[in-house]
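Next come two complexes, and both contain chain A; in the first it sits with chain B, in the second with chain C.
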Partner chain A sequence: MAAQVSVIRTAAETGLSELFDRLKGGLPGDVAVREQALSGFRERGLPHRRVEEFKYFDLRALMREAAPPAGRPGPTELALAFNQASAFADVPAARLTFVNGHLAGELSEISALPAGIEAISLADALASGDPRLAELGAVATAATNPVYQLNTAFLRDGAVIRIPAGLAPAQPLALRFVNTGASAFSTASRVLVLVEEGASVTVLESHEGPDGIGYQPNGVVEFVVGDRAQVKHVRLNAEGSDALALSTLTVKLGAEASFDTLNTVTGSQSARHQVFLMFAGENSRAAVDGVTLLKGSQHADSTLVVDHAVPHCTSRETFKTILDGDAKGVFQGKIIVRPHAQKTDGGMKSDTLLLSDGASMNNKPELEIFADDVVCGHGATCGALDEDLLFYLRSRGLPAREAESLLLQAFVGPPLEALENDAVRDGLVARVEGWLANRA
Partner chain B sequence: MPAVQETIERVKLIDVDQYKYGFETEIEMEKAPRGLSEETVRFISAKKNEPAWMLEWRLDAYRRWRTMREPDWARVDYPKIDYDDLYYYAAPKGFKEGPASLDDLDPAILETYKKLGIPLREVAMLEGIPGSNVAVDAVFDSVSVATTFKAELAKAGVIFMPISEAIREHPDLVRQYLGTVVPVTDNYFATLNSAVFSDGSFVYIPPGVRCPMELSTYFRINERNTGQFERTLIIADKGSYVSYLEGCTAPRRDENQLHAAVVELVTLDDAEIKYSTVQNWYPGDSEGKGGIYNFVTKRGDCRGKNSIITWTQVETGSAITWKYPSCILRGDGSRGEFYSIAISNGKQQVDSGTKMIHLGKNTTSKVISKGIAAGRSDNTYRGLISAHRRATGARNFTNCDSLLIGDQCGAHTVPYLESNNASAVFEHEATTSKISEDQMFYCQSRGLSDEEAVALIVNGFVKEVLQKLPMEFAVEAQKLIAISLEGSVG
Partner chain C sequence: MIEINNLVVQIEDNRILNGLNLKVADGEVAAIMGPNGSGKSTLSYVIAGRQDYEVLDGEILLDGRNLLEMEPDQRAAAGVFLAFQYPLEIPGVGTMTFLKAALNAQRRARGEPELTTPELIKRVNAAGAKLEINRDFLKRALNVGFSGGEKKRMEILQMALLEPKFCILDETDSGLDIDALRIVSEGVNALRSADRSFLVITHYQRLLNHIVPDTVHVMADGRIVKTGGKELALELEKNGYADYRQPAAASAEAA
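Moving on to the complex of A and B:
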């Protein structure tokens, strides 16, 4: 007497399916690729808490309805967006602005890029069948991820950026994602950054949007890093208060390459940032860091998969989370060491401070190791501020709030202080200070 | 690196091909009809002369089990088990339920236990002699064949008997506690066990009693094509203490055999249970042929204030291990501990760990797990530490280390840490430098290297538990003590 299992679709799931059927004729590129990417969703719906990777981020419950996709922004929206953009404003940088996921190319930012750097909009690249798009989807562990697949299916625009071999631009390249709208909307953007052999670049990525609007951005940034190239990537999620922000970063690293990424989260109602990093060449190193500051009923998930597919690579992951109010934090990290990836050195750490009784943290630091000559470790801590430390500071005459702020700053300090670019570091430290000041 | 070399040598010593308990005892058996149906359940219940409520309980479990699906989330891989092709009950022919004297026992069985290092007859002779201090319940396939030291235990008020007997003699106690820690519907294997469990041990320690000796159960699977489904229930009433040991072996066979046990522990206020296991089921040969599927649900409920449950396990056997001894820390100030050494070799697959559920205030837990994978085996630690909203002041310390020997094995750790309380402090680590700064400093100030200091602290700690195992286990367990942390991964 096997029970008949009938699949019940939520409003969001039905909505997404219908949306796709309605839009697919007008989307750039090969529609078969999109259909293929959506097949998993068609079969299983949105990932929910019974799906292991989404145990602590129940997308089916979080996405109430499928918001309509944002169209190409008009002049008023562009002007509005540019007025709103404040992230990394003080950092001297070459900028590319994406408004509601669309590259705002007409603003002549592309022509202002440093000599040698090429950029075209992803919509154009898809329409013209740009050969560089073959580099998309280079990281296997990301390919079957439901969030990544949804992005592939609904992809509207973004950019393809090429940093040619040996180039080392003096200023960072800032990708500004600005969202604007008066009612709920969704975006699906993707940026492919090809950093060729020996090039060295700092890439800033910021996400901002309106408070009080339940918009749904789903962004992917893919890095393909050549041999001996160096990339520093700093990401800021300062999305609006009601946003459901999904994002994915994929990185394929060549030999003797170096990649650093830091994700800072203060915005969004619910945010999930996924990192899929793969070592494809030997003697490379990577650092994946995160600083997450949440309050109210915010919910943020950091998920990462670091794939040591080749020997002699080093990876470090450092995540700092501070949770206030009823906020929920999630850290899911996984280090895979493939057979024969000997001499791998992997170290993962997630530290959390809970500032209130309503806050909760779920940590899942995972190791999957198939080689014997490796050094891998992971650590996770979770707890409240140390009373002794607070007492010490207060006995030195600091008011309670100030003492707390000082300790919290020190707690999130290490990944921020590691940033080499002074202006970027100062900007992020100021954001942390602002967040702490707002707590009071 | 001599320390690592020593470890490698020791692991080789307990390689699957060296399995020394693989002999088979030729003995005529009486079995339930092959397959699983309500009839089988009724058959087992009738064999045990069970009261009606027990049969109902079993049938209810059986009906629920038919609607359940086998879990597939663990990192183990095995061909589908045909549950309708197994024997669910096997007992030595002519075996009568009830307190049989050793003289009535088939000499072949006595011989079997003697070969395993448990001379039941000698143990019986020693009864009443001071200094002999392990009471044994010997479970042979589906029935408990002998329980020693019953009289002396009874003097202290301790009840130690096969659970089938307890159901008849102490129905109120059994009814009050059975299935309250591991509910009938807990999981696929626990539900199966609830339907068809045949024997196991029942222990009740009355208030304020410190059990005068170690209690022990020795499980032996002998018959072909049978599964062993034992059920153990241990209750430590207020202020009591008991240490319980469990050992398991099985003959060397080409076929896979199922072992789906349920162990329930209950501690009331200020009580303490120490539960130690040396699990040495037949692991299969080096090609992965044969071996026991060890799908076990073990859970302790610290129901009373300031109660303590300690799980200690040395896992070397079984083709597949699926086992998560857990503690529900319900009483304020209660404490759960889990110490595990899991060694896999050949093509063994181990997915084991623990769950520490902090519900009460100021509850503490400690998890020390060491996985060693060799050959082509896979060794996974999977653990959950969670603090609920009201669990203020909860504390956990977890340390899991893995060591790989050879480049064809895998070691994995899948820890879950869920904190819903700001005052709960969780620490999870795999780095060997952070056991305790003070202890480390002390050792180092005495001239020990980092490595030696860690080995000393952890081994000293493990040793303390292992030394409490009875002799027959100690020999085997001693081989595992000196495991080094050098070259280990988290």
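Moving on to the complex of A and C:
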């Protein structure tokens, strides 16, 4: 007799299924695409610790309830959200604001975009069958990812943005995601950014929300970067204290192109940021960096897959993590070098400082190399602050906390110092300083 | 004035200082000489407040205040300065950032107003010029990529800026060429004053030709075994430490 396997669904899993069945009639776009994306979830439920990629971020355990989706914000919520947005506030930029995942303030903000940049809401694009949506899902390694698939199934709004060929806007484009609500809610947003041949743009992305509310944002940003285009992307997770924040960045990079991304995390109760980057054209370069500062019982996961599908590309990953209290950090980085991707140059490094006995870090760097003429390396370190350095600083008069702060700032310095936009860099350095000051 | 009474210190059950007594008056330059392993560097670390050591007995008084009850940064603010034998490299911390943080931390601790950046730069440039410190170094991370001599000069620069009451020079001559030794010594001599005292730790008499001490103490087996004037250094240079090793060997046998 064959054993009968009965799958026990958690409240969140049952809730998500019911939610989808209830909502699907009203969601924009092709429902079959959503059904398809949800099929893995219907079969296996939420990914849990026995699923390799989620070993250190057990989504089944972390998501206790399926929070109801936030509706389109009314005028009061919009006003509140605009007032609350503080990330990159000092940076001169063209802004698009998303409130609870919905593109807000379209009229004023879209008309203020630099000449040539096009933007429409994703809900409109889905409803009208915008042909540019064919560019979605360009990175194969992301397509089967459960977090990405959940976003596909539930996505409500976001934007499609086009930076036309050769355009180089002087100011960054800031995508502000502001969440607001008095009880648990979920969001599912996606932004597709098409950076055409030879264009050059800085894109800022910030995520903020209320403390004490167990909200669940799931955001995806997809970049399709043309030949000889250059993108600098700086992301900030300053979500509220109880947020379960899931996010995915996908990048398809053309030839002789350049892509730099930095993710800075200070917010959320639990956060998972996934990067799926694919080199689709030769002689391109990419840098994927991260600065994560956690305390209390915070938990943050940086997962990335860099796919060298073509020869002659260079990738660098630099992750700096500081953990205090009982915080948990995760770094999972994988570099794939396909069989014909010769002359690949890949290097990945994750460094962690543990400031307390209760903090813990899981580092999992991986290389999958199928070509024979490549240079690839990875490294991971984990340790406490150097006592000798601390004593040296203290012997010069610096109190313990001040000496620690100086060393911690120096530790996370390299990825921040690499930022070329002064206002962006200063803003993030100030956030780091603020975080350090609040430790005391 | 610094006054050390019956200092007993161990590290991991290893007794290093055995009831050490020492007095250095205001304005005095005292030299401590002694063989390897006699506890000279331990003494300097214990005065500065390094935590690896277990102080079993004794007291270290600076103008009557017991340093052993203070944190390292409080001792610095009270006027203690240790010029390290091996100054540390601190990647990512700019030299000017560090100097400003150190100076202002001490000034805050003493209730004095903080220095502005222009004022700081003025002081650093003035002190740096005397020590022939290349201004480019001030733009680099602290001590990173500096030669041994450059690091020692940077220590003396810090000493000049922080204006301590009691300076400990821990084998400051090690790793210095003749020119660097002259520059560093001149830097120290320029700081000699009636209300500032020095403890100069060295293996060799050479340094004491440049920084001429008022008193010379011989240290062996964790205590001061002989005290004299500057001529004692010359005698040690001639005869070595053999005479002073005897008691240590004897006590080891006895144990």
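For this structure, a couple of remarks:
Note that in this section the second predicted complex is superposed on the first by the 434 of 440 C-alpha atoms of A that agree within 3 Å, B and C clash if a C-alpha of one lies under 4 Å from a C-alpha of the other, contacts with A are read in each partner's own complex, and residues count from 1 in each chain.
Simple rule for what comes next: a contact is a pair of C-beta atoms (placed from the backbone, for glycine too) under 8 Å apart; a residue touches a chain by one contact, two chains touch by 3 or more.
Keep in mind the model is a prediction, meaning the values are calculated, not measured.
When both complexes are superposed on chain A, chain B and chain C end up sitting side by side without clashing.
Once the two complexes are overlaid on the shared chain, A:Lys364 sits against chain B while remaining clear of chain C.
Shared-chain residue A:Thr264: touches no atom of chain B or chain C. When the two structures are aligned on the shared chain, A:Asn179 is found in touch with neither chain B nor chain C.
Of the two partner chains placed around the shared chain by superposition, chain B is the only one that A:Gly377 touches, whereas chain C remains out of contact. Legend: residue contacts after superposition of the two complexes on their common chain; A:Asn145 is shown touching neither chain B nor chain C. Between chain B and chain C, more residues of chain A are touched by B. In the superposition on chain A, A:Gln409 makes contact with chain C only, while chain B stays out of contact range. Contacts of A:Ser315 after superposition on the shared chain: neither chain B nor chain C is touched. By the touch criterion stated above, A:Asn218 is placed in contact with neither chain B nor chain C.
Of the two partner chains placed by superposition, only chain C is touched by A:Gly397; chain B is not. The superposition of the two structures on chain A yields an angle of 70 degrees at the Cα centre of chain A, opening toward chain B and chain C, reported in steps of 10. Annotation: superposed on chain A, chain B and chain C show a minimal Cα-Cα gap of 14 Å. When both complexes are aligned on chain A by C-alpha atoms, no chain A residue touches chain B in the first and chain C in the second. Chain A meets chain B in the complex at residues 1, 3, 52, 339-340, 342, 352, 354-357, 359-384. Those residues of chain A whose C-beta lies close enough to touch chain C in the complex are 387-389, 391-400, 402-403, 406-407, 409-411, 413-414. Across the complex, chain C meets chain A through its residues 48-51, 71-73, 75-77, 80-82, 84, 87-88, 90-93, 97-98, 101-103, 105-106, 109, 141, 158, 162.
Those residues of chain B that touch chain A in the complex are listed here as 67, 73, 389, 402, 404-431, 434, 487, 489-490.
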